[in-house]
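All chains are identified by letter, namely A, B, C and D, in their written order; residue positions are counted from 1 within each chain.
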Amino acid sequence: MKIGILTSGGDCPGLNAVIRGIVLKGSEAYGFDFVGFKHGWRGVVEGSFIPLAEEHVRFLANQGGTILGSSRTNPYEGPFGGPENIKRMMLKHGIDAIIAIGGEGTLTAARRLSEEGINIVGVPKTIDNDIQETDYSFGFTTAVEIATDALDRIRTTAESHDRCIIVEVMGRYAGWIALHAGMAAGANAILIPEHPVSLGQIAEWALEVRDRGSAPVFVVSEGFTLEEMDEAHSHKGLDPFNRPLLGGIADILAPQIEALTGIETRAVSLGHVQRGGVPSAYDRVLATRLGIAAVDAAHDEQWGSTVVLKGTDIETVSLSSATQEPKSVPEYRYYEAAALFG
Amino acid sequence: MKIGILTSGGDCPGLNAVIRGIVLKGSEAYGFDFVGFKHGWRGVVEGSFIPLAEEHVRFLANQGGTILGSSRTNPYEGPFGGPENIKRMMLKHGIDAIIAIGGEGTLTAARRLSEEGINIVGVPKTIDNDIQETDYSFGFTTAVEIATDALDRIRTTAESHDRCIIVEVMGRYAGWIALHAGMAAGANAILIPEHPVSLGQIAEWALEVRDRGSAPVFVVSEGFTLEEMDEAHSHKGLDPFNRPLLGGIADILAPQIEALTGIETRAVSLGHVQRGGVPSAYDRVLATRLGIAAVDAAHDEQWGSTVVLKGTDIETVSLSSATQEPKSVPEYRYYEAAALFG
Amino acid sequence: MKIGILTSGGDCPGLNAVIRGIVLKGSEAYGFDFVGFKHGWRGVVEGSFIPLAEEHVRFLANQGGTILGSSRTNPYEGPFGGPENIKRMMLKHGIDAIIAIGGEGTLTAARRLSEEGINIVGVPKTIDNDIQETDYSFGFTTAVEIATDALDRIRTTAESHDRCIIVEVMGRYAGWIALHAGMAAGANAILIPEHPVSLGQIAEWALEVRDRGSAPVFVVSEGFTLEEMDEAHSHKGLDPFNRPLLGGIADILAPQIEALTGIETRAVSLGHVQRGGVPSAYDRVLATRLGIAAVDAAHDEQWGSTVVLKGTDIETVSLSSATQEPKSVPEYRYYEAAALFG
Amino acid sequence: MKIGILTSGGDCPGLNAVIRGIVLKGSEAYGFDFVGFKHGWRGVVEGSFIPLAEEHVRFLANQGGTILGSSRTNPYEGPFGGPENIKRMMLKHGIDAIIAIGGEGTLTAARRLSEEGINIVGVPKTIDNDIQETDYSFGFTTAVEIATDALDRIRTTAESHDRCIIVEVMGRYAGWIALHAGMAAGANAILIPEHPVSLGQIAEWALEVRDRGSAPVFVVSEGFTLEEMDEAHSHKGLDPFNRPLLGGIADILAPQIEALTGIETRAVSLGHVQRGGVPSAYDRVLATRLGIAAVDAAHDEQWGSTVVLKGTDIETVSLSSATQEPKSVPEYRYYEAAALFG
């Protein structure tokens, strides 16, 4: 069997480790051949790929980024997109199946292509940890370690300066990174999209910490909204005070907290630093195991499935079950963490 | 309720985070009081403890070691040991319950004391990840990160020198650290207690790597035995060649591999470096959640139980179910990793 | 002799290590007593301090922040400021001398107070490495390590996404952090206050990198200005296009680079993450040695002096020679690095 | 000009950064061509090399090891060694000059070959920091950071277990790594080759720490000898008790300290972990600058010279001045650190 591999969407530590797991296991155990599509689905629609042999992937586990490049191309768009074109490309190059490593969009496209008869297995990729069915996704733990390290560093500055610092981390729809990093670093409050709170509540937490002689350090997901910010506002790109949104949510909150509490307040946004570089050992193991399981699924012709982590095991589920709405932080996990606030 | 907390046995990153989780949640949510027994069970039998309030624990999550100290004292030994003495000590000081954070020995003692009517909840602690019922134990992920970082560093030296290097990591009965670190760092073979192999097999792997133009890096659990080393040998402290065992298993293997293959071979033992210091964010979150759940269990009077990780949830199980034989690496996990050897 | 220690100005990794060096050496070798003024000069003018004995400082070397707190109070301001009040406070509490750890402002104040007859020794503190007379200042190397690690991570994301990323680091008047981190991480250009370049030049570098098939990663000091931005603009808070300055220089440059080159460009600002947390071993050694030398200088009654690093030695120079204009990156150092641009 | 580069001797973080500095500067500024000799002097005597262009080295700064491989081959040995053979090889391949990156042995060989008329520039490489004339050598700071991190981790275990731990670091003739790491981590004593002390003194330090309620952590250079161990002993491979030397000095000291003090004592040897892997930013900058200066020296035809760090500047000195006896830790540096012992 000859399998084409692609990586799609944003950078995520562990992508290369998945590729390594697929190629080493598939070559050694099944004698499969592999190619790597360049720049995600773009390489699929353009029929552009490179050979992938064991010697290309053996030392990839600790390399950040993706040796295949990535893009946000949609396989259904453009003159060469769509299932018929892709089938023709695969036939032409003797490619029997595709393993697609990507986020919700990629898995949804993979599901549709699978329904059209293309042999596809998915590997879920989301640094925000918000894909259904998998306990954790690779890259997430690395992002949490980076955010926690930043929070640890910021704690000493906040304490030295008697200052409130609000740190923005990734998490557009789900607050997993903020939840874990905040709990790990002892943030005084954790603000996540799943649980809007009021500015008054945040100010109260800040004052409580200050009155104890300490410095408030808060962590906020990029997708957090204040109770006061209704959807209309965020859709219009306005803050709750009807001013254009500039910068991220931390930039919006900091001056408001300072105004309400009188505590000097600063915003820090970790941005791209969270999503690249050397993966943690945890993520390398998870990514490698997902890659191994993906090629096992291909060997078993489990087309239309995706590999996921359940407890300590890698299992396969249907692509459709993994592409429901984002996996949110459940209420009880928020309250578990909130018991330590203030 | 007034609860006494103890930490017992070897150092493990996350001990302080467990204490923090217990005290912050128990104080805020239930109004409990806490004391910390000094030096594990020794503090229990000697009635020696310190007060533990929120201000003592708030910033503990990223601190290595244990603020309570530890020891290998058995609560059943000595003139003041045993359930009746302990009950008397607890009555005298108004201590209603104990949360015992420790390994298999501590949890077994806790189970027995619980059967004698003492209110106890356990928190499993094993850097080797070899306690039943919990998917992972805190400290393990930190140890794996440290071992992986060491393997990454050693890889470059091995390649620069065309040398074989065999790295010994912790794991007396179970090979989890070697399995994960070896998979993460791309070790060319992983040698664990659950799966003896012959010296000839190891030499063959080394030659295979060398013939590919690379340098063999192997990871070995301290408890690994060669197929050739029968139990009689290891019990007598003899190596398979009837010489006294000096140093660890890596020290024994290195000269044999060199003799069989002609490849210059070195041993490195990571030792104590793996078990101390700042916990990873993953372990801080796990430890904090276990602490929170332990005090919840105490609040619910689930005496004789221990808290464990199942998937992404913290659950409680009976102490007896957690104190069976060590949790070994299952065959399929070994073969999953072995597919990448050589 | 009884010496009061203070830390003033922004957080900087190594402050606690200086305090440790002073107190351990001074207590052991000279039998001195120590107090720590709380919150920098504020503690001096308010006569507010804590005792500092060996047991308080022994394990401080790897602790970020400052156990004494900090502030931006000027010792010449307020009803209790000025040399006469400070002398009275010192007399009242039996304090014979002050060791002041702080930046250019603090050293200037120390020099003036010294000229008024107060016994003062200075320790230079600048994370930007911009104080004259010292080869390096503590905290700088830690900041460079953090910025380099961020640049390494961002490199993989830039390459995966074929994106230009511009990373803003500290350095208001001097580009040392950008120079070192950029050289260490292989940034494709380094933009520093000492060397304005034009937007056209930056765009040219970006295109050159892109044309080679790579992704441009640039590092910029917060104090960098474009050749096009004259002083009038920056004083008025306007960018070269006469729009109000929002965010930092990276936020200003990113859209301009994107507009000129057509390469998708993102800005990342490392902010407070660079100035807190555990110091590097290099900075702990430097800070400890500066502390030791400062108390030696006090023992030798070298009032009005400050300790500095020259090569591998710690020496003392006059406070006045250390408080000239900021130490800039010299031209030849810029061109040394620029030889690797593009 | 066409220059051949070689790396010789043990692995050292920064080797690749030197190569990068040489090739990028030499190609861009001078239009030089480069080849890399494979496996140090072995590649020279065998005439075996690879081309080195800008694209091969651009992203090397953060890569551990050496892309050229290394060996301990002596260029004067073997049928193809010696100056005449090397001149013939260079002539045959049009190689005009050699930049040799290596330790004391390599620089000595380079000096002799230079005296025979071969165009050579040296770059000093010693992880032990024991080459004369240079303030620091690349790799040293990385080794110190690794050793300090290990000591930090071991500190928490020692404290938790009330145990003495003695950590062996590299340093055969000079104690620089022990001196810096010990000072950075707050080791309770630092044992270096330049300053033998008696077992009784070490035991006294251990008891002093224990009596203060703390746990002794000592750092020892591999080349340390007890006052009791005369040269005769160490030459015969005997310990002071006339038993064969097994393991390193830490393994010898630990049981003696335990016997004398009654404190449970463990030895940890960091070994190869210290000399590989990603270089610190400090070492990347130093190595890059040395590489740049080496190719500048070649351009200026400063044959027979080596590049060194003096303060913040890179300078050139003669190879003969850099190949005197090893650079030892001077007495005043030892006593500076010793003021903090106990």
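Note that a contact is a pair of C-beta atoms (placed from the backbone, for glycine too) under 8 Å apart; a residue touches a chain by one contact, two chains touch by 3 or more.
Please read these numbers as outputs of a predicted model, since none were measured by experiment.
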Relative to chain C, which chain's C-alpha centre is the most remote?
B
In whole angstrom, the CA-centroid distance of chain A from chain C equals 34
How many angstrom lie between the centres of chain A and chain B, each centre taken as the mean Cα position?
30
Cα-centroid distance, chain A relative to chain D, in whole angstrom
41
Two-or-more-chain contact residues of chain D, please, as numbers and ranges.
149, 152, 155
Every pair of chains that touch: which are they?
A-B, A-C, B-D, C-D
Residues of chain C touching chain D in their complex?
20-21, 24-25, 28-29, 55, 58-59, 61-62, 135-136, 141, 144-145, 147-149, 152, 155, 180-181, 183-186, 212, 214, 280-282, 284-285, 288-289, 292, 310-312, 336, 339-340
Listed in rising order, the residues of chain A that touch chain C in the complex are 7, 10-11, 15, 39, 63-66, 69-71, 146, 149-150, 152-162, 165, 246-247, 266, 268-273, 275-278
